[in-house]
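Each of the next two complexes has subunit A plus one other chain: subunit B in the first, subunit C in the second.
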Partner chain A sequence: MKRWTLALAAIMISGAALAQKSASDGIAEYRAMLADGNPAELFEAKGEDLWKQKRGPKNATLEKCDLGKGPGVVKGAFVELPRHFADTNKVQDLESRLVTCMETLQGFNGAEIAKTAYGRGEQNNVTALATWIAAESRGLKFNLPNSHQQEKVMYEVGKRLFFMRSGTHDFSCASCHGEDGKRIRLQDLPNLTKNPGDGIGFAAWPAYRVSNGQMWSMQLRLNDCYRQQRFPFPLFGSDATVALGAYMGVNAKGAENIAPAIKR
Partner chain B sequence: MKKQTQFLIAAGVAAVVLVAGCSSMPSTAELDKLTQDIAKASFRDQGQAKVDRLVLDDANLECMKADVAGQPIEEKTAKAIEAANFAAIKWPAGGQYIGDWKEGEKIAQSGRGMTWSDAAGSENGGNCYNCHQISKEEISFGTLGPSLYNYGKMRGVSNLYAPESAAIIQYTWGKIWNSRAYNACSQMPRAGHKGILTEQQVKHIMALLLDPKSPVNQ
Partner chain C sequence: MADPMRIRAQAAGDKATVRVLMSHEMESGQRKDSAGKVVPAWYIQDVSASLNGKVVLTAEWGPAVSKNPFMQFVVKGAKAGDKIAVTWKDNKGDSRTDEATVS
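Here is the complex of A and B:
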């Protein structure tokens, strides 16, 4: 009787393991299949057009925008952000920097764009621009400068925010992203306290999300993490989100950028 | 031990710019303060998720500090956190600990509730399967917490009403109600203490884990 139970248990355990393996394999296959035709390409094309198009009250292009490597230099900029900018005297991530350029070069109201809901109006354009700019650094390795004092300070602040447990559930970023080899349900979780590997975590966003058919910037990715953490709403381009970007970006040093990636 | 530490204090405007004036790196205390100011300035209310959720109690503040330092929390601090949280556990009226495991399974499956996109007052789930294996039938489980499969059986609970089952039943209630009562920096939400689950819902989770008839203990 006992032997039967044991044998049955063994079959069931291996059955469960098999089902699990095939579930994750299925997701991996699904991603590989979709990566052939990643809809992010459409956003890339739109972003490139937006960069070169005369727009806004000043009817100007973004071609003189300084993303950190000098006016108009796009290639390689993404893998060095967030970084400190002398003109704003702030550490900025890609999206907040884009809004600065849209304001100074094109005459848009940056505060209005920051307040606009994701997926609406100029926010869509910021996402498309970020997608193209990230794609221009595809295959490059993350290498944030982290040398200016404000950059070092923002890294330290980001680290503190990463471990800040709060909200109704006492969750911090580290609750899910603080250890190797963990899962939430069947979803693998990257350990973001260090370099999680090429194209993982910070090196994957912006990404196209198949489940909702939306292109998500890192700002929106962080926003949804905070929603699930039961935190209040992080403001677009806020210092907290940029500090977290600095923390994850510095930690990702050496990771190859695959953004814009495709996600489930 | 103070009941609650006000983590957030009035934010200075453009705190980062202020720091930029210094020639050397700010101290740990200054960085802690700057983090508070930045957090305060970076979030707004949305739906039921209000900015008061950024106020850390002593347990969260001390564990955060230890995590940032990359060191385990000091034993004396840990004991104080555990004692304070243990004292806050609400035990069920009339010693009725066990509900219906079928309801418990539904609550364990649900990850809903208390985000800014959930309707205020809607029923919350327990989020249990996000982190734990529980019944063997559900293969979509997380691994952030330990497996709870055979939870009651492995602890020798063959009869819920036997006197020898009382200790593990009480511990399990306490752990679900307020995990920090037993492990100061546990990552597990304090389901009862923080009002995530009602007393009745906790009883159903108790049944799922401990009832010899629950699929968890087959």
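Here is the complex of A and C:
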């Protein structure tokens, strides 16, 4: 009987020791286990093929696409987007820029792609391309130019949108992402009003979501933030989403890019 | 045709660790689409791996395996330069084989 009590006490002690590991440690461990076989790699490989493949009505590749560092330069492009492009005279993020290239180089209908639901048809290809392009800048530090007048305007607009409270829940992006140390259930929420650190927030997307087996681009991530705030869905590549990208991207200056990451 | 697999094989001592990432929907046959119709089952049934053409692993999989599955195994006697080939076949009869060199 005494031995039994001792054994039980030993179990209880080890139980207490386990409980000391915080929930976020547990999640970090889970992510590290998954990261070894991150299915984002599959999308990366697909994106690389799509970049070099002759497609569309004009039967052309995307290899002459200018992502901001000159035609065809992919490495380092991701950590400097969104930025202003002279040819479209617009500030564009990675995905809206890719659609522009698919339109001008390959002859696709850009408006048609923007209207396509996420994860379907050409929209799926845009995500795969974005995944590969982000991966080509893995380990580099974010450094958005933020020098052109329009880039500065977009940053300010993004900041306003970030703090704009509205909708049935009177929410803003800042409600969840405006201070340190917040979380939803077990998920830590990064503070996106400043540099949240290497590979956090803007520096982690596109990412593979294990829970639904989908590859998510930044555009889709923002769309989901607005869904959770009960806002109307922003349009793909809209000025609002690009402005938020500019705001988060400029704030993330110096943060190391780990995209494509893996999320729960 | 199915998308390619990603295979990494790394030798350490007298064995090699092989990591395989497969691109597959792995529909369980239990889900319904937005119209309420059952999404037909579509999953990998047979997996095999070979070292320089000699089969070293076979597995039977079912609908409980996740989408885009990841498989890891250790092969004894594999050295740098050896060829590891992995094949899967799904319940629709589609199959795919990819090869990697042990590094």
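As a working rule, the second predicted complex is superposed on the first by the 241 of 264 C-alpha atoms of A that agree within 3 Å, B and C clash if a C-alpha of one lies under 4 Å from a C-alpha of the other, contacts with A are read in each partner's own complex, and residues count from 1 in each chain.
Assume contacts are C-beta pairs under 8 Å (C-beta built on N, C-alpha and C of every residue); 3 or more make two chains touch, one makes a residue touch a chain.
Since the structure is predicted, the reported quantities are computational estimates derived from the model, not experimental observations.
A.B. asks: In the superposed arrangement, does A:163 touch subunit B (first), subunit C (second), both or neither?
C.D. replies: First partner only.
A.B. asks: May I ask you to decide whether A:213 touches subunit B, subunit C, both, or neither, giving the answer as first, second, both or neither?
C.D. replies: The second partner, subunit C, only.
A.B. asks: After the superposition on A, what does A:172 contact: first (subunit B), second (subunit C), both or neither?
C.D. replies: first
A.B. asks: Who does A:37 touch here: subunit B (first), subunit C (second), both, or neither?
C.D. replies: A:37 sits against subunit C, while subunit B stays out of touch.
A.B. asks: In the superposed arrangement, which partner chain does A:228 touch: subunit B (first), subunit C (second), both, or neither?
C.D. replies: A:228: touches subunit B, not subunit C.
A.B. asks: Once chain A of both complexes is superposed, is A:46 in touch with subunit B (first), subunit C (second), both, or neither?
C.D. replies: Touch partner of A:46: subunit C, not subunit B.
A.B. asks: After lining up the shared chain so the two structures overlap, which partner does A:56 touch, if you call subunit B first and subunit C second: first, second, both or neither?
C.D. replies: neither
A.B. asks: State whether subunit B or subunit C is in contact with more residues of subunit A in the superposed arrangement.
C.D. replies: B
A.B. asks: Thinking of the overlay built on chain A, is A:110 touched by subunit B (first), by subunit C (second), by both, or by neither?
C.D. replies: neither
A.B. asks: Please indicate which partner A:154 is in contact with in the superposed arrangement: first for subunit B, second for subunit C, both, or neither.
C.D. replies: first
A.B. asks: Same subunit A residues contacting subunit B and subunit C, which ones?
C.D. replies: None.
A.B. asks: Would you tell me which residues of subunit A are touching subunit B in their complex?
C.D. replies: Subunit A residues touching subunit B: 12-13, 16, 19-20, 23, 89-91, 149-150, 152-154, 156-157, 159-161, 163-172, 174-176, 178-179, 181-186, 189, 226-228, 230-235, 238-241, 243.
A.B. asks: Flag every residue of subunit B that touches subunit A in the complex, lowest number first.
C.D. replies: Those residues of subunit B that touch subunit A are 7, 15-17, 19-20, 22, 25-26, 31-32, 34-35, 38-39, 41-46, 49-51, 53-56, 59-60, 63-64, 67-68, 114-117, 127, 129-131, 136, 139-144, 180, 187, 189-190, 194-196.
A.B. asks: So in the complex, which bits of subunit C are touching subunit A?
C.D. replies: Per the touch definition, subunit C meets subunit A at residues 3-4, 6, 19, 21, 23, 66-68, 70, 72.
A.B. asks: Which residues of subunit A touch subunit C once you look at their complex with the stated criterion?
C.D. replies: 36-39, 41-42, 45-46, 213
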